[in-house]
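Dropping the structure in here first, questions after.
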Amino acid sequence: MAKKEYAFYPGCSSQRGASASNYLKSVDSMCKTLDIKLTEIPDWNCCSASIGYAEGGELPRHVLNARNFALAEQNLPGQEIVATCAACWLGARETKERLDASSQLMADTNEALKEAGLEYKGESDIRHMVEVLIEDFGYDELKKPVVKSLEGIKFAGYVGCQTNRPFGIVGESFENPMYLDKLVEMVGGEALTGYDQKVTCCGGALAFSEPDKAQAQIKDIVESAYDHGAEMIVTPCPLCQANVEIYQGAINKKYGKKFNIPVMYYSQLMTVAYGGSAKDAGLDGQVIRATRLEEIAAKR
Amino acid sequence: MSNLSSQAAAQYNNNFLKEVEAMVEEGNWVKMCMQCGVCSGSCPTNFQAGWDHPPQEIFMMIRAGKREEVLNSQSMWMCTSCYNCIVRCPRKLPITHIMHGLANYAHRLGLAPKNQPTRHFAKLFWNNCIQTGRVNELKLSLGLYFKDGFKQGIINGLAMKDVALGLLKAKRLNPFELFKAHGCKDQKGIHAMLKKAHEIEERRKAIKTA
Amino acid sequence: MAVEKKVAAYICQGCGLGERLDTDALVDVVKKEGKIQQVKPHPFLCSSEGVTMIQNDIDNDGVSHIMIGACSRRAKTDAFNFPSVAMSRANLREGVIWIRPDTEEARETTQEMAEDYLRMGCAEIKAMRQPEGNPNTGTSKTLLVVGGGITGMTAALEAAKTGYPVVLVEKSGQLGGWAAKLHMRVPSHEPYKAPVDNGVAGMVSAIEADPNIKVYLNATLAKTSGAPGRFQAEIATESGSTATEDVGAIVQATGFELYDANKLPELGYGASPNVVDQGGLEQLAREAAERGGPILRPSDGQPVKSVVFVQCAGQRDASGTHLAYCSGHCCNTSIKQAMYFKDANADIDTTVLYTDLRTPGNGEDFYRSAQEKGVIFTKGKVASVQPAGNTCKVNFHDLILDDQNASIENADLVVLATGQVPNSGVNIDFKAVEGEEAAAEVEKKTISILNLDYRQGKDVPQLKYGFTDSHFICFPYETRRTGIYTAGPVRRPMDIAQAKEDATGATLKAIQALENAAIGSAAHPRSGDLSYPSVRLEGCTQCKRCTVECPFGAIDEDEKRYPLFNESRCRRCGTCMGACPVRVISFENYSVDTVGSQIKAVSIPDEFSEKPRILVLACENDAYPAMDMAAMNRTETSSFVRVVPVRCLGSVNTIWITDALNSGYDGVMLMGCKHGDEYQCHFVKGSELANYRMSKIDDTLKGFNLETDRVQTYEVAITDIDRVPKLINDFEKRMFEIGMSPFKGF
Amino acid sequence: MTEVVATNETILVVGGGISGMTAALEAAETGKNVVLVEKNPAIGGRTSQLYRYFPKLCHPICGLEINLRRLKSNPRIRLLTMAEVTGITGAKGDYTATIRITPRYVNANCTACGDCAKAVGAEIPNPFNYGLNKMKAAYLPNKMAYPMRFVLDKSIIGTPDADKAKAACKYNAIDLDMQEETVQIKAGAVVWATGWQPYDANKIQPYGYDRFKNVITSVEFERLADPHGPTSGKILRPSDGKEAKNVAFIQCAGSRDENHLRHCSRICCMASLKQTNYVEERYGNEGKSTIYYIDIRAIDRFEDFYAKVQANPNVSFIKSKVAKVTQDDASGDVILHGVNTEGYHRYATPHDLCVLAVGMEPSVKGANIPAEILADSSGFIEADPANGAFFGAGCASNALDVNRSVQSATAAALRAIQVVNRVAKAEV
């Protein structure tokens, strides 16, 4: 398989010691297996996420993202930018589309970038890791390195919002995207295709500011996973992962539930299926341990 | 003309709509709404307490010139950025962005509800992320807990301690972030760049309203 | 020219007929009782050999009348297609073997059924003559168009383009009608983004340039007489003189007036010059255009800064005070008018207040375009418009914000979207009822447009609200006055694009009518039918039922008060034949005799055989096909029933019923179409009249002292494939309950 | 080989639905020669698949019967079924059309006795009922079919079933060697009346047509209500055959939506209003209907019909574009989620059955018409001089109801006649 290279935009949550460090870890291992070379964009900055609007306003938000584009163009010419975080990908892609659409906005952005000694030419493209996997490799290619089957584990594929809307993965529907289920089946797990909360919003940033509202939604997401007999939830989004995993305790208190379901990243499943260790898959990074995965990972 | 009737006269004229078109991100789309309500029905938070007006109703209120009611509204702050409204809108209005834009505008004018938690958090988040160029999750959470003062902060913090402990155990929350944080090297450049961006934005808005 | 009559019969043995029926016995019946000596059975009659056999007899053996005993008259029509001869068909397949069980016990009654149908077929064919076409034709190819608006002008131009001369009569001093009053019109071609030229000037000059179009301005119709192909129009011209034109057909395109906004004082009309209707706004827009300036506020001539459009003003009114209907075009028209303002100056506030915005088809693009231009659409019900000085306050209920007391202040201009009221002339069906409204109605509608000298009234019948629309969804041009077609807003509320389409369609129908009249052939729905009614005047008692009951106003009265048939106006339904108490009206191939002799031909078993006979007279378009389809499902049906298809239940003459009962039938079922307001009878009044006539039959039955249950009328739809067999079987049960008729064997 | 006599004075009508039939009949009854081409084995088109018409609630096949009688008795119309126009070349007054005729495997000998169907085992989805039920692979398209002649589905050709059918036919009507053929005909003018197709409901993802059995389309609902339909007119929902007494109608399913069809399909409001009537016809006061709408577009005197339905206590109206449909797995009910915009009331309402009032798009979109013609952005044929003597009629030219389609077809017939008349003049 030909080596593929991308400019990597991990985003704030995927830094060492940050909330999605386990995501980062598993992505690294997965890419190693698939012979994908990710080169971090030097000195990348925050995308300002979707919550950045209130204080940030329009142009500053775009300028933040444009700075990353400019750095990528400058240091990693010709490479597409790949983000693993849904919000980073969405924010960056929105900026790109707006700048492509408006020469005015593009000019303003570059006027601001000049202050940092940078220029955005509008070349570099921004994609999500899942896009890369599905479009540049495809399920068949991705299946090849599988050495261990996750047989017998039932997964609820929780896609959430921002890897799904408004852009989503090509060929998938906003209401019923199937790619997580396909990935799960690819690694031998059982996908609960009937899972009806797969695109419900986890509350996003409101998990911080309006915990009650967000947790009400998270409750539905987890409950339905249990109802459909899931043992684990799998997701492509750091914020979804965090929100759905870490508030289960609080929800149990509030609603008298006994939720305790692991919430995984697709990259963790793939790493394990590819024969990686629990550590390679960042399984030690779970707040709710994925014991069965750890067992499979432990098998030699 | 008495104050009351001038108030009434403002109703249902297009002044506020024109203001929104000039000053609010994607505001020029508001006039395209045909009041089908699919956005309202698609919003995940609009059935919960505190949510006073769904998007389509906000758009109607803008067209009806209800400036204060709109800008004082909690609604825009309830947006989780799930983008359901955008993908379902039959007129392709960028509803999420309009709501964000309205929130931003209300915030800048100081008309947004005081102590609106999301408003507060959004401000924290932005400042947090531009300070070093990257978000510091620990400071961000602490900042949020302590928004209502120290005592409340401890209470909020304790309420969340299990979450925090869980993350600590999983090495997904790093206490040392308080002292030695992640961050970009060229923070000077970033600050200058953003300062410039704000200037330009003000300049543009000034031209529009002139 | 009528060749000497030679009858032949053919009996098919295919599709199981051969196995299920005793062919020899059938042949015997035809020979002995049907009195047709030339009978040919065939194993597969509709095959090319079978058809060739028949064609040979016609070509070489001088056969002029044929009776085919095979499948339903609706089946194998391509094979059994012998236009040169008279034909009757005995329905042995769908009518007999497909609805009877294939069992030994059933064999006898099944055979009897088949034999009866052959007897009937023989009787019918003998009573038939091959129609030769109505000789009383007219050959004028000229089209009379009444009304010079967009619709009338379109009709005139399209007719001329097709090669037919046109006489166009317009009551006003110039062509163009309502459209000429428009500043611009709604687009009818992509892009649907902005108003376009009203197109009138081009059409007017095209008409003036066309030698085939003769225009009478300031003229009206003083009298219209005649029939398709030979109408005579007396045209009163401004000079006071009367011009007479011979025309073959007529298109009435007399358009509409706006609903009188003076009836809407609550909406401020009349109280302020700044409240106008859509016509008023067009005038303001035209003045502005001529001036090359903005649209001005009537009260003080200041430029309009804000305008409010009130949709459905005096329309969609449930209270009964104003128009109940929607005029269809007004939403697009208001959108267009709002664009007049926005296109000139984007800062003008334009608000459209609506309850349902109705912009079908590509109108949605036009709506969208208006929004892009900043026209504001507010879903609200307007309560009142209060003029105050140079502005108005519009009070309404905002349905979205659920605000009962919403209002728009300081509106410089308020435009009321009032509806279309048709110029359709006299409502000839109007029943004078007490109450001023009614009186007003009469008063308003006494000015005739066509001044027809028809026995049944001066103008074309109206459907609803004064519109002259057809009542048929699949046949919008199914007019009740043959050769006269209405088009445009007089027929139905519509916009310009639809009116042009409608005019073009109506023109085709008019041309078709005059062409068919010229060859003595019928018009829709029996187009191609060459039969026509003839009357034996010496027997006529001048009872006038035919002249009154003809659904198409085809029959007048001559100076001696005898019915005067205008065959070219006739639609061949036979309602007159059904009406005639002395039975002097008939068609060559459809008469009291063709049906009566079938009824009499059926053999009636004696009272003690417990074999009732039930006569079914079925509408050939709905009830009869329903039976065919029931048969395709092999739904078992009584073997005692004998079905005779009729052109329309309206053609059923009560003599058939009394004859049937006299000759020992146990019961009679009449199956026709739904009548009443939503009537489905394609001859309009046929089934209704039949129903009325049968309501009178009870006395006759009592006269015979027979149970009234023995004669029943049913409304049957073509979809009643399960219901019809059930009705028949239930009726059979009922007959057994009340017992056999005492009239058998007399 | 199929013989077709046609000259530049012939009018070619493409499509045998109500518009095509009308155009052909009106032209023929005015004395013109017509070739009528229909791609299905029988004519009648989409209206023959409707149970009732609005606003009269009369039956479409009643009008069809009249049109069939007109057709049977008119020698000027040459009908080609199972035939598709694959190319049109030439210009006004002088066109050459290429027509592909696919084999029916049944010839004119067929008496429609049905013995072949009895003999054949294989079953195929019944297209007349939108695949809601199955039928034998030797079939009569429907009870009103004209030509009234059976068809062998090509799926059984070369299988024992085909031979069984042939063996069962006493009249030598089955010809398994029939081949596809291509004929070329002349025509002075073309009336293109290929009608409409329902917008693909699978594309309207929030409503789950592809996921929930009890979400169906308005055209499918017509078949459920029709005595000739798969349930003999009982309104039973697909998932479990339960009587659907609480029915939801979602308006603008695909129409007025820039993610789908930009235009308004005009008929859907009236169709749903009409269909609430079916529910009550079957279940009386137990039959409840709810219409979810943006604007009710009941134009001209259709307003009366709307008013009547509004007054019906068994029908409720909610001004709302439904946000999404979910399914209650236990009961099989569908749950509609959204907001009533008149005063903002949120709802999540269960129904037995959900009917999508799907939008109307041209069966053959402008770009796919095998001729050089101008169509609008929705694919409807524009009335434009650039199209020469190629005239759109009915729903090929615009989103129209039946009444307006017939008007349009009648008008198109005249435009075609104008051309062939000019040709005739020139030729004498």
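The chains carry the letters A, B, C and D, assigned in the order they are written, with residues numbered from 1 in each.
Operating definition for what follows: a residue touches a chain if its C-beta (ideal position, glycine included) is under 8 Å from a C-beta of that chain, and two chains touch if they have at least 3 such contacts.
Just so it is clear, the structure is predicted and the values come from calculations on it, not from any experiment.
Path length between chain A and chain B in the touching-chain graph (shortest route): 1. Contact with both chain A and chain C is made by B, D.
Greatest Cα centroid separation from chain B: this falls to C. A summary of chain positions shows that the Cα centroid lying nearest the centre of all protein Cα atoms is that of chain D. Separation between the centroids of chain A and chain D, computed from CA atoms only, is 46 Å. One finds 63 Å separating the Cα centroids of chain B and chain C.
If each chain is reduced to the centroid of its CA atoms, chain C and chain D end up 23 Å from each other. Shown for chain D are the residues that touch two or more other chains, namely 206, 256, 319, 324, 341, 344. Chain A has residues 174 in contact with two or more other chains. Counting only residues that touch two or more partner chains, chain C has 357, 368, 379, 400.
Interfaces, counted as pairs of touching chains, are A-B, A-D, B-C, B-D, C-D.
Within the complex formed with chain D, the residues of chain B that make contact are 34-38, 40-42, 46-47, 53-54, 56-57, 84, 87-88, 90-92. Those residues of chain D that touch chain B in the complex are listed here as 206, 252, 256-260, 294, 319-324, 337-341, 344, 346. By the touch rule above, chain D contacts chain C in their complex via residues 18, 26, 29-31, 47, 51, 53-54, 56-67, 69-70, 72-75, 108-109, 111-114, 140, 143-144, 147-148, 170-171, 226-228, 232, 256, 262-266, 295-304, 307, 319, 341-344, 376-378, 380, 382-384, 398-400, 402-404, 406-408, 410-411, 413-415, 417-418, 421, 425. On the side of chain D, the complex with chain A involves touching residues 205-206, 208, 211, 324, 326-327, 329.
Contact residues of chain A toward chain D in the complex are 173-176, 194, 196.
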